[in-house]
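These notes open a run of structures that come right after.
The following pair of complexes shares a single chain, chain A, combined with chain B in the former and chain C in the latter.
Let's look at the complex of A and B:
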């Protein structure tokens, strides 16, 4: 497997620079520009990161599943590693969702964990699911079989996300007020909306940069191994 | 041979094997009854009926896991899977037949388990029975699929519960909902949706699980 550089790819230093600028801007906006929330005060500012991280994690899982599909469908030799790296980034961001959500819950409601928060419970289920992905992947020897197993399991993930979300919704026997509905935009005033937009963009670019860094590291590692055995 | 006769022959093989060796079913029966006894002692006196209804689903999922863990063991030990993959039949037939055989074992275990549950704890509604039937289909579809992956790994028996339980959470939600809610139709529909979605996904992708290295 020869490492092929795709011509349309954005160079890594540019990506790293862009994520540095965006993350710094987002931090500055969140801490110094945006006004305090009327109900929750200062602590509501974690929302900009918590929700952006959650969306980024979904994007990573979706990207991993897409690459898995490409692997199964087109037999692209690069897709397996790309799928794995995307899922890996997704798991990292998913853990951050659990941590930030837990902190927010502690400050807002006084508990570290709330079963009434759909998004948090969903991420716990996804965390368990994707942690098992790693158990599966690393108990099969590298090769086509491992690539197939990982790809199929990553595809199960994207079906599990909506199914679990629905399950968690209908599992509630009492009505709980939903703070952020699916249309976040409608209950946010202007400055909060674009702060969220910048934070979201920052995290997506950051995730993509990390994905590319990890991918190139793994590719170099694979190439080195190939040369050693040759 | 047509697809249906392939599936029938493969499922018949598993059922015959069980009939002669009696490896799985007695173990599942003993396990589920023992679990109920454990549950009796883990529920403090005065616990609500709802708690017992929830535990029924825990027992079902773990009993199913016991059966699923055994499902592909004969294939692994005798290297039957290599033969099956070489056979000129659609590979999804292997999954479907194994799923049907596992479903038969699970259903047989539940035919005993549900009356025992009613005897030990409280009566069972028709909605619960319907939910158990729907949940069995989903459990066996997904569980057989994951079982086939798990036996091919180094971790084997260790891996199946880890892979299966996160995927079983929606089944438990639907099942418990149908058992305790006053309007169970929504939960039954959810279980049917789960069966359909994951059934199609497993059926379409099983080929890659048993595919030879290429």
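Let's look at the complex of A and C:
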């Protein structure tokens, strides 16, 4: 008999509780503690969730690509499902990046969207690329072939993440602000940096919680389908 | 409420609404799965009883 060693996983209720506490703390810090930005004033408060959501979306897409690699390497069907759920989470957070970014752009620049901004357009390309992942996945019958196609596609998409992230640094003309440079402490002094840190942790934990909930649902669904066909 | 405050509130409400919508959709899906499990549980004894029936020649 061979013992199956499962990695320890934090229980879902604990994750949900941590998400609630962190998100509430982050909101309290954003609205009641952090001072107004000297340049943008009150509207800069969108930054704390907008940027955190963007990095969370990148993390989800990167996680999806990692699971896709695991699937291609070990041919593990669980990794395929995990990759799919991670990409789905990335798309949800990606849509939130576009929504909050457009609102922030409207206040700061007077436009909902600027096609001349490389960072914005490249994030949209990344978003649409992963949106097409679902079109590919659901156009192929379930099975190993679909899992392999999806995994290869998810791996290709991960190349766009550093391009999207670095676009603002290599662009010559831009109005999108750059905060995370080697002078991050001068760009985000004191409580602003702490608030950003808490917001980032809150969004990452929230995304992981939602990922685990969706994954549980998908696994139960798959097992039910197997039982019905048995 | 200033214009900036309205936009910031709208942005945070959009985040909240999206997460809420997602949670509601997941909850609906879990309800459906629960119903399917109940149905399978109900059908399992009936199917087991059918399997146990023995065919007997009559006449």
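Quick note on the criterion: the second predicted complex is superposed on the first by the 195 of 230 C-alpha atoms of A that agree within 3 Å, B and C clash if a C-alpha of one lies under 4 Å from a C-alpha of the other, contacts with A are read in each partner's own complex, and residues count from 1 in each chain.
Here is the rule we go by: a contact is a pair of C-beta atoms (placed from the backbone, for glycine too) under 8 Å apart; a residue touches a chain by one contact, two chains touch by 3 or more.
Just so it is clear, the model here is predicted, and its values are computed rather than measured.
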Which superposed partner A:110 touches (first chain B, second chain C, both, neither): neither
First (chain B), second (chain C), both or neither touched by A:92: second
Which superposed partner A:35 touches (first chain B, second chain C, both, neither): neither
First, second, both or neither for A:53, with chain B first and chain C second: second
Touching partner for A:11 - first (chain B), second (chain C), both, neither: neither
Chain B versus chain C as contact partner of A:190, first or second or both or neither: neither
Contacts on chain A seen with chain B and repeated with chain C across the two complexes: none
Chain B contact footprint on chain A (complex, rising order): 72, 125-126, 128-129, 131-132, 135-136, 139-141, 143-145, 148-149, 151-153, 155-156, 159-160, 163-164, 166-168, 170-171, 173
Chain A partner contacts - residues on chain B that touch it in the complex: 149, 152-155, 159, 162-163, 165-167, 169-170, 173-174, 176-177, 181, 186-187, 190, 193-194, 197-198, 201, 205, 208-209, 211, 213-214
Residues of chain A defined as touching chain C within the complex: 27, 41-43, 45-46, 49-50, 53, 92, 95-96, 99-100, 103-104, 106-107, 206, 210, 213-214, 217, 220-221, 224, 227-228
List of chain C residues in touch with chain A within their complex: 2-5, 7-8, 10-12, 14-15, 18-19, 22-23, 26, 29-30, 33, 36-37, 40
